[in-house]
Amino acid sequence: EEVPAVVRFGYLNGPRPWILGKADQSFDKALGTKVQWINFPNGPNELNALAAGEVDIGRIGSVPTVSALVRKVPIKVIAVSGVIATSERLIARKGIDSVKALEGHAVAYPPGSTAHYALLAAFKVHQVDVSKVRQVQLKPGDLLAAWKRGDIDAAYVWGPFSQQLEGENGHAILATKDLQPAGYFLFNDYVVRKEFAEKYPGLVVKFLKTFGDTVARYKADPDGSAAIIAKELDQDPAAAKDTLAGLIYPPLNEQRTTAWLGDGHDSGNAVITKSFADTARFLVEQGELRAADLPSDFAPFIDTSFLAKAVAAP
Amino acid sequence: MSVKIAFEEVTQVYGDTGKGGGTRALEHFSLEIAERNFVCLLGPSGCGKSTVLNLAAGFEKPSGGSVLIDGKTVTGPGRDRGMVFQEPLLLPWRNVIENVMLGPCLAGWPKVEALAQARHYLRLTGLERFERHASYELSGGMRQRVALARAWIGEPPVLLMDEPFGALDAQTRLVMQELLLEIWEQTRTTVLFVTHDVDEALFLGDRVVVMSASPGRVLLDLAVDLPRPRTEEILTSPRFADAKRRCLRLIGEESRRAFGHLEGDGI
Amino acid sequence: MSVKIAFEEVTQVYGDTGKGGGTRALEHFSLEIAERNFVCLLGPSGCGKSTVLNLAAGFEKPSGGSVLIDGKTVTGPGRDRGMVFQEPLLLPWRNVIENVMLGPCLAGWPKVEALAQARHYLRLTGLERFERHASYELSGGMRQRVALARAWIGEPPVLLMDEPFGALDAQTRLVMQELLLEIWEQTRTTVLFVTHDVDEALFLGDRVVVMSASPGRVLLDLAVDLPRPRTEEILTSPRFADAKRRCLRLIGEESRRAFGHLEGDGI
Amino acid sequence: MSTASVARSARLGPLISIASVAAFVLLWYEAARLGWASSLILPAPGEVLDTALQMLNDGYRHVPLWQHVAISLGRALAAFAAALVVGIPLGLAMGLSPILSSILDPFVQFLRPLPKLALIPLVIVWLGIGESSKIFLIFVSTLFSVIVGAAAAAGSVKVGRLRLARAFGATRRQQLWYFVLPSALPEIFTSVRLAFGVGWTTLIAAEMVAADSGMGWMVINASSYMRTDIVMLGILLLGVTGYLLDLAVVGLQRAVVPWAGRE
Amino acid sequence: MSTASVARSARLGPLISIASVAAFVLLWYEAARLGWASSLILPAPGEVLDTALQMLNDGYRHVPLWQHVAISLGRALAAFAAALVVGIPLGLAMGLSPILSSILDPFVQFLRPLPKLALIPLVIVWLGIGESSKIFLIFVSTLFSVIVGAAAAAGSVKVGRLRLARAFGATRRQQLWYFVLPSALPEIFTSVRLAFGVGWTTLIAAEMVAADSGMGWMVINASSYMRTDIVMLGILLLGVTGYLLDLAVVGLQRAVVPWAGRE
């Protein structure tokens, strides 16, 4: 199999185990070619690049993934990178201790993201009267300023921003994993451009395997890894460590079950598939997506063949 | 008759005054104008005619010497001196009568009086039918008549005019000159009228003062002995031709005497 | 001598031609100009003088009638007719000699020849010392001399001039008129010269054609019997005064006869 | 060109413009129909129209479509008004006083070409996330063009007119109100048109700051979900509204300074 | 004002400007020192200077500071060059041909005030996330001002000059090169200055598109981590660079069209 001059990997600037592979260039070594790391401030910003075919492999939240699939961006979902547990949380000011108590207050969120979706889900689960909440879209970087000025009373956001808010008299009143019992399952996943996957299936497999290795390295030494990752991203080590620990990284060899992506035949019943469908329905309800665009089934967008080979590889 | 306007050894230098450089527009310029006189200031382009007028109007202060009105040094512009510029300078956001009422309006006259006076001067200048017209709808001659009415309405004892008819064609110009004389004969203000046209100077003035070029001085001061009232016919009369011939001859002689060595240089 | 320029029953209407509206600038305007003649076109502002010139130059096409040069209908501008406008219209990005060489340059003359001719005409107009000057550094009279040199260099059989000296002061104007006559006497081109100044028309022309106002027609066609070469002195001669008086009287009579009912209206 | 053909093309102008826009829409339609680009990249005109009709009924995110337009327009107009109120007197003063001009010029020249997006973090810090910060962003991007325009206009009032004022004994206040301001108005209008154009381009940047309505917000939010049809609709609305705004200013100009260009 | 005082203030002008900037920096310094605002909101000049010095040594995110400046300048200049190459001929053509003007005018009027941020999704889809899309964004925001300026300049060439051209039998090509273009140049320069100013304001928007260097990216990236000191430094760099760019155009104008304003 021939190798392209460069493989373009789209990622978000958060601390995650695979940043280890950016620091030591293990992806470049494994793939036998240069890996270009393209940074996006959030998932929705990555969508346009995916649609334009400017990203070969992308790491992106489940919500923007659904937007892409519904809008027929030619990509496949190939693996789950991490389940959002506590890495994204709803931070509120002292005195606001429940989601319901947000009524009458202003809450900020990064639009179109998993955090945005989680916030809306939380409102629903806790039967918040949304007309009484002032919802404010802000880029994560702008949250802190608004918070300091007292313009917002809460924000649903990921690290390192969540930790910064907590450092300024904030406290978490909800984490994304708290929504799982109600059926809201939020995660980040890997997607690959269809054309790229057809042309270079071997590279996709090698990529996933290297990802698996970085997760293993992180699990073996969370503190040391966090330090390397924080340095690479020029971020606060403590916040990085906290965020890294806030995600659950399902081992690659478990992901081909219906608890995750399924094996390709039973994907229709897989948790991830259902979650995509739930998310899509929810977004339609919100008016963000059109009902007419919804696919009857998300299973065809999931391709676990690369995962199978990555697990099988030595 | 008493002296209304007096220039005493006036020098005016423009530009870099520091190192003796700059343009010397006027040098030792002296001139006295009697009350109720009509004096025409004649001279080639750039000789300093406008400078003389601007000094009398008070727009500029002389670098040397003094400019007096009624024996008092001029310190700035004032309502005692009316000014008519080469362009009519009508304000396009005011209609004809509003333009004429500009002075009264700024001076805070009662509205009724201002209106009555404005109507009077519009009648004198033959513009009563146009009082509500926009100024940019008028012909060049009509505009200049509005400018005249605007200067006259304040009935200033002194009228300073800087080539007011320079932009008009010959026919229109003649009509304007006759109008000017007609009204001047009624009001008998003191007029200092700048022109570079010999015919115009002779046709209008009691005196024609000819200036030399750079730096401007008085070259010649001629009394015009043509009878008044003057009308178009006088222009083609032998007496007018005589006066003109004499004037041109004198200008020629004086010029040659004063600046013979400069002759034929870049006009 | 043969007819060089002919206007035959020319009518020119501007603006909304559809419904018979619009401005009728010329109506049944007829005029023949013999070769090597110097004809001055005189008339009040807006009477259509420029229109006549623009038709001869080929900038406009007549609404009716025809304009002929050497018996051939004019279809557009051409190098056989030189044009001098009221403004000098020098190109500021070209220096003096480059401005004079404009025509040769556009016509693709050999550089050496163009340069030699340009120098010749700069000498004629007394500008040889200024050939490298920027045009915006010149005085008004010098600019107009450059414009003359630029028109002459192509040696066009016809020279069309639209109030070329209108913007100059009287003294400069006289010098320019003498220069024009001097060179014309050497080259003997056919000149159609537009002016609204009676003195200028009489001083320059073999014939003075007087136009009536709106719509323009030929009111009067006078032969000027003053001797050539004409110089400054002639202006104050009794013969000139006579000619002028006769001319003004005729204009007055004709005007009254033709437009008596319009007299005294908004000039 | 001859006079007649100028007149003809003046009459034909609007027709040609309409035809050219129609040709463009047709091209767009065909491009979408023949699948030159996927509907994701280039939504068909029909799709955009459907979206528009549907949004006319249901609104976008619970807000009627006209309200998004009105909210953006309101923000822009508030900002423009503030820019005029601050910028015109300041510009006139700078045009009349070389000293004031020297004092303020460095800041004006520095801030005018500054990308206004750079100010977002500071504006949030200083003004918060309410309407004021959105309006402020549009305001600053409009302001400096207004100032520069007004200063140039005041500086180019003809000397003759000022002398006329002084000859009639006008006080400084009268000079300003009777002469300078009306003289400068036509030129001020021209630069106000330019300034509004520049200000309008900042609308999206302004509505990136914590908005939940407005055309700019609509475009950003829709693009977060790859709703290219809504993005396209938003672009059309923004462009058309901007164009109408300009027409309104031209109309106002005709009414207020009928003498412009006719002196 | 009298002639003498004008001359005096012309000499004093630059001094007053320098003093006024110095006063501003002092005020800023005092405001920070006295803690009128937290350093998050208003970093002290010293802090910004420290950041600048440190970044001069180490760069920002592995890229030397001068390189951020150079990269942004490079993008802007490439875009400006393209805008001139496309815009001037197109504008001149529109100014000379009423028909072409009617055809293109709706698009120009529509796109000129359009917030360029709205185009980002489309530009990424069409041009990708490389340099071309960044340059394109600056290009479009510059282009329309250039077109409008060039069209106005061509349209305002004096009739007399065109008649002069025709009287000398100039061909259409000669009319363009010998008369229209040089006549229009001074006015074109003026609108090019304006257009560059407008284009420069788009720099950040352009560098929001998947950049990893450039002053605009620096500001955005720093702002996502609340590094107000770097944001402030970026703003200063952007403003000063924009100002110097303008000075360069003015210098070029003096050299190329020395007759501007002197006819």
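Letters are used for the chains, namely A, B, C, D and E, taken in the order the chains are written, and counting of residues starts over at 1 for each.
One rule holds for everything that comes next: a residue touches a chain if its C-beta (ideal position, glycine included) is under 8 Å from a C-beta of that chain, and two chains touch if they have at least 3 such contacts.
Computed from a predicted structure; not experimentally measured.
Asks: According to the touch definition, list the chains common to the neighbour sets of subunit B and subunit E.
Replies: Both subunit B and subunit E are touched by C, D, going by the contact rule given at the top.
Asks: Could you find the two chains linked by the most C-beta contact pairs?
Replies: If you count contacting C-beta pairs, the leading pair is D-E.
Asks: Subunit A to subunit E: how many Å between their CA centres?
Replies: From the centre of subunit A to the centre of subunit E is 39 Å.
Asks: Between subunit B and subunit D, what is the gap in Å from one C-alpha centre to the other?
Replies: The separation of the two C-alpha centroids amounts to 48 Å.
Asks: Distance between subunit A and subunit B based on Cα centroids, please, to the nearest Å.
Replies: Centre separation, subunit A to subunit B: 85 Å.
Asks: What whole-number Å value describes the gap between the mean CA coordinates of subunit D and subunit E?
Replies: Centre separation, subunit D to subunit E: 18 Å.
Asks: Give the residues of subunit B that touch two or more other chains, as numbers and ranges in rising order.
Replies: Counting only residues that touch two or more other chains, subunit B contributes none.
Asks: So which stretches of subunit D touch two or more other chains?
Replies: 40-41, 120-121, 125, 208, 220, 223, 228
Asks: Using the touch definition from the top, which residues of subunit A touch two or more other chains?
Replies: Residue numbers touching two or more other chains: 48, 51, 139, 141-142, 145, 148.
Asks: Please give the residue numbers of subunit D that touch subunit A in the complex, ascending.
Replies: Going through subunit D, the ones touching subunit A are 38-41, 58, 60-62, 120-121, 124-125, 128-130, 208-212, 217, 220-221, 223-228.
Asks: Can you list the residues on subunit E that touch subunit D in the complex?
Replies: 1, 6, 9-10, 12-17, 20-21, 24, 40-41, 98-99, 101-107, 109-122, 125-126, 141, 194, 196-198, 200-205, 208, 216, 219-220, 223, 226, 228, 231-232, 234-235, 238-240, 242-243, 245-246
Asks: If you look only at subunit A, which of its residues touch subunit D in the complex?
Replies: Against subunit D, subunit A makes touches at 44, 47-48, 51, 64, 67-68, 70-73, 108, 111-112, 135-139, 141-142, 145-146, 148-149, 151-152, 283, 286-290.
Asks: Contact residues on subunit C for subunit E in the complex?
Replies: Touching subunit E: residues 54, 57-59, 76-79, 81-83, 85, 87, 89, 91-93, 102-103, 105-107, 134-136, 154 of subunit C.
Asks: With touch defined as at the start, can you tell me which subunit A residues reach subunit E in the complex?
Replies: 13, 38-41, 48-49, 51-54, 139-142, 144-145, 148, 160, 164, 234-235
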